[in-house]
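The two complexes that follow have subunit A in common; it is paired with subunit B in the first and with subunit C in the second.
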Partner chain A sequence: MAEKLKIATTSLGGCFGCHMSFLDIDERIIDLFDLVEFDRSPLTDIKHCSEYVDIGLIEGGVCNSENVHTLREFRKSCKVLIAVGACAINGGLPALRNFIPLEECLAESYLTGEGIDNPQIPSDIELPLLLDKVHPIHELVKVDYFLPGCPPSGNAFWRFITDLAAGKTPTLPYDLVHYD
Partner chain B sequence: MTWSESKQEKVLAIVSKHEIRQTRLLQILREVQDEFHCVPKNALEIVAAELGLARTKVEGVVQFYSLLSLEQQGRFHILFSDSITDQFQGSRELMDYLSAKLGVKPGQTRSDGKVSLGFTSCTGLCDQGPAGLVNGHWLSRLNESRIDRIVDLVEREVPVSSWPLEFFHVEDNIQSPGLLLQSPIDQGEALKQLVREGFEEIFMEINRSGLRGRGGAGFETAWKWRFCAEGPEDYSGSSLVDKNERFVVCNADEGEPGTFKDRILLNSYAHQVFEGMTVCAGIVGAKQGFLYLRGEYLRLRPQLEAILANRRAKNFLGKSILGRNGFDFDIEIHMGAGAYVCGEESALIESLEGKRGVPRVRPPYPIDRGYLDQPTVVNNVETFAAVAAIAAYGGAWFATQGTDKSKGSKIISISGDCERPGIYEYDFGISIAEILMDCGAENTLAVQVGGPSGGIISGKEYHRKLAFEDLGTGGSFMIFNKKRDVLEIVRNFTHFFAHESCGFCTPCRVGTTLLKNEVDKICDGHATSLDLVGLSSLAKFIKTASHCGLGQSAANPVLGSLSHFPQAYKDRFKDVVFEPGFDLDESLETARRMSARDDPWAHLEQ
Partner chain C sequence: MSENTLTIDGKPVHFKDGDTIMEAAIRAGIYIPHLCHDPELKPQGNCKMCEVKVNGRNCSACTFPAAEGQKVLNNIKELNENRRIIVQMLFVEGNHLCPGCEKSGNCKLQAIAYSVGMMEYRFPLIYPKREMDTSHPDILLDRNRCIFCEMCVRAGREVDGKEVFAISGRGIGNHLIVNSPSGLLKDSLLEVTDKAANVCPVGAIIIKRHGFEVPIGQRIYDKKQIAEVSVATEKVLEEKVHG
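Entry: the complex of A and B
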């Protein structure tokens, strides 16, 4: 039997909804394990990517410096990188803050907002700094495929990954990208 | 906040001056803007209530046109032309100079409310730039010493009507007149011929002349008129001729950057243009005509009104023109308000009706359903001028010039890097090389024929000819010499389209902005060869998927320069696989400052 494909997944500025939807492939996950093994992912709790990963699935947009490092690690390791869901593709909900200056966002949260005790901007080298704008991931690295949806359905994940595993260019028939 | 009664009265007076007609909404809002230096919320509500329109409808119109504003502008509102030729003449540096002197940035109003600054797409003074507008009036040949004087006038609050006339002086600048410009008709000559020979005979002359529309698309004028005159049939195929009113519209919304021929025609040949419209009205059976004058040409309006009054007095307009029973026609001037897309005929008609200038779905074409859904002829200024000459001198006079498929002559507006910019008229079929020689262009890198929506031509194509069958043009001819950077030109044009997109269809609204961002990324040195793949597929998508001509041509600067000057792109590319289009480390700056950090983890590499 051929070697299994390695898949890594992560959520940057996302809500993990795409990961939850991925799990909606239900019992097909057993078939999936015949084809792939999971590398770095919240599902495995592996903290870093192996040197070579076949498929990287990224949920969420790029909000802070840690997101940048994570995304770059994925790009470095993964042969095929896929932007999954509205936030990775367009910035999504977190990008709504792009219309408000970061200064005001931070002040509202940590200095002037209601019920704040001991107002101060958190400052610790372990804390990632926020970028002044939230970016879709293709503005930072080359992205190979885009899997649309908020979230993409379990069937869309299944189709995309099985297509790739079969060595085909993934395609989504209309019913998988039709949401109403 | 209650609004003073005198202000309310003023708005009501403007509305009733325009006979409380919805079609005059744009004209009303222009006057409100003039009065208050913005369209105040209260005025908006009064206008909406008086006209029986929803407030949001009226607000939508205000937001559509760049010369109208919801925010308070200064009592002196100064706009600089941002056309590429003005930029290359130093307009941006002059704006910096002006902005520093006045202490206000472009796009802002100074706190004392005295002055506001901004940019506008093209003022039609590319041959006499750098140019601008103050309260809607042309400012030509700007330079530092002139700006010093302007600053002084603004600070002393001298009304624009008392500013030195030389600031507003605009020359026709006809460098080389041809068929039309050399032989203007005598007033009334064409109409007398029309009444003497009969409508059908003059129509045949126009048909014989082979005249094609001068706006760029080149539809045969005679056929357009015939379709309008006979036009539309009902579903059973019987004609509706008697049930319809007809309209004649002259498209003087000369917004294509680098075009200014209509400025000259309306300044010195307006009689002939109006006469051409009247000939058209006689032939198609229209009673009402409109001259849709672009907002930036405000200064021409008083003299045009005077000419119209003069023509009415001579019975060249009005009832029973030249004694012919039933030949009734009059012309009204409608002002635009700074929207390039209104040069597209169906958008122009929407604007004439007082709405946002969003292009309609065609067909039905205006000849079937135009102004107020009635058959309407829309022709370019130059077309009407030619019509009058053909009616006076005959179709053969016109048809002997030019080429087989492009009869007659074309007036072109030359700007950019040459000794003698200005107006040139040539018989169709002239080569680009000959034109370049005539206007004294040397070391020419490229010529933009037909403005941003046209095409860019490089050295190996200067043998090509000006004609519908080769290089068609509405009249813009911008020359760039070898000191210019092609990508800066592309960047300017791409920004222009993103700014002028009407926002109706997604491929254009979103696509032009994506295109702009991508070109900025290339110009700022962040792009790699990978970006080219995305850029060209995006460009092709916008071209094929957009609703109207604006979107369909918005990618032309990118596509044209990619095929003619691929090296200009390659020279800018970084030798990495990919890089973000913005400064990553810089975008952490706010967070760094607010959390008082500067450790290695508080920085990012590009």
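Entry: the complex of A and C
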């Protein structure tokens, strides 16, 4: 049997809804493990990508400096990088803050908003710095494929991964393409 | 071939004197993608989605007169690729966040994007700052989603007999304006039964208090492609309006 494909997954500025939807492949996950093994992913808790990964699935847009580092690590390691879900493809709902200056966003959340005790803008060195705007991932790195949806359905994930595992260009039938 | 016949993708299509290519196609049950055409309104050629090749030249099917012997190409790779790029430009030019839009699943922009296989945006997103108008008791105006097709502008003028909407500004400064002393929808003549309030192909003009009556996943274009829906509905309207 051929060597298993290595898959890495991560969520940048996402809600992990795409990861949850991925798990909606249900019992097909047993068949999936015949085809692939998981590398860096919240499902394995492996913290960094191996040197060589076949498929990288990126959920979420790029909101902060850590997202930039993570995305670059994935691009460096992954032969095929897939933007998964609305946020990775167009920034999604987090990009609603793109219309409001960052300073005003932070002030509303941490200084002037309702119910705030001890107002201060968090500045711990451990915290990644927010970017001025939320960006879709194709604005930072080359993306090979796009899997739209909020989230893409389990069937769409299954189709995409099995197509790639079979060495085919992934294609979705009409009823699996949704932007919502 | 009989008089008044052209071909669309090789198929003979009869047309009436005065028809545009779009009108002939609709009557013949052939779908030419469009966002700004409605049989009840005068064609304006705004959206460029209906670009076809007529005897080798690219034209807007909605404004180009049908003529004897024309060889029209419509559903071909080159034109569908152009349409995909136009849709992508419309998506990056506005703020089209489908997961948060009540029109999702009933939206013609989204449906055409699905049908031309748009999986990504290709271009950098602009995220323009656009104003919403929530002032009207029954109708919401969200300029984030406006694609400047002018359907509401023309429906108001030609069908409702009211000048409610207009497009102001140029290029990237284009925006939809409301004809009222305050500039707000609540002070305009727009009513919920007007064609102008119901003709928007996207989610820019939404009737309030009907949100999610039909759940996501069960809407018009969730199961059926826009070609099928459009042919079924517009042929009837076209024959009613132009005979």
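A few points about this structure:
The working rule: the second predicted complex is superposed on the first by the 177 of 180 C-alpha atoms of A that agree within 3 Å, B and C clash if a C-alpha of one lies under 4 Å from a C-alpha of the other, contacts with A are read in each partner's own complex, and residues count from 1 in each chain.
In this section, a contact is a pair of C-beta atoms (placed from the backbone, for glycine too) under 8 Å apart; a residue touches a chain by one contact, two chains touch by 3 or more.
This structure is a prediction, so every number in the text was calculated from the model and none was measured.
Look at subunit A after the overlay: subunit B and subunit C clash there. After overlaying the two complexes on the shared chain, residue contacts for A:Ala83 are found with subunit C alone; subunit B is out of touch. After overlaying the two complexes on the shared chain, residue contacts for A:Ile125 are found with subunit B alone; subunit C is out of touch.
In the superposition on chain A, contact is made by A:Leu96 with subunit C only, not with subunit B.
Shared-chain residue A:Ser65: touches subunit B; no touch with subunit C. Applying the stated contact rule after C-alpha superposition, one finds that A:Lys133 touches each of subunit B and subunit C.
When the two structures are aligned on the shared chain, A:Val141 is found in touch with subunit B, with no touch to subunit C.
In the superposed pair of complexes, A:Asp175 makes contact with subunit C only, with no contact to subunit B. Comparing subunit C and subunit B on the residues of subunit A they touch gives the larger count to C. Superposed model on chain A: among 24-32, 42-50, 276-284 or 402-410, the stretch of subunit B in collision with subunit C is 42-50, the rest showing no clash. 133, 139 are the residues of subunit A that lie in the contact sets of both subunit B and subunit C, per the superposition on chain A.
Contact residues on subunit A toward subunit B in their complex (touch as defined above): 65, 68, 101-103, 106, 121-123, 125, 127, 129-133, 135, 139-142. By the touch criterion stated above, subunit A contacts subunit C in their complex at residues 83, 86, 89-93, 95-96, 98-99, 133, 136, 138-139, 143, 145-148, 150, 172, 174-175, 177-180. Here subunit B touches subunit A in the complex through residues 530, 577-578, 580-582, 584, 587-592, 594-597, 599, 601-602, 604, going by the rule given at the top. Those residues of subunit C whose C-beta lies close enough to touch subunit A in the complex are 91, 95-101, 104-105, 110, 113-115, 117, 119-121, 124-125, 127, 129, 216, 222-223, 225.
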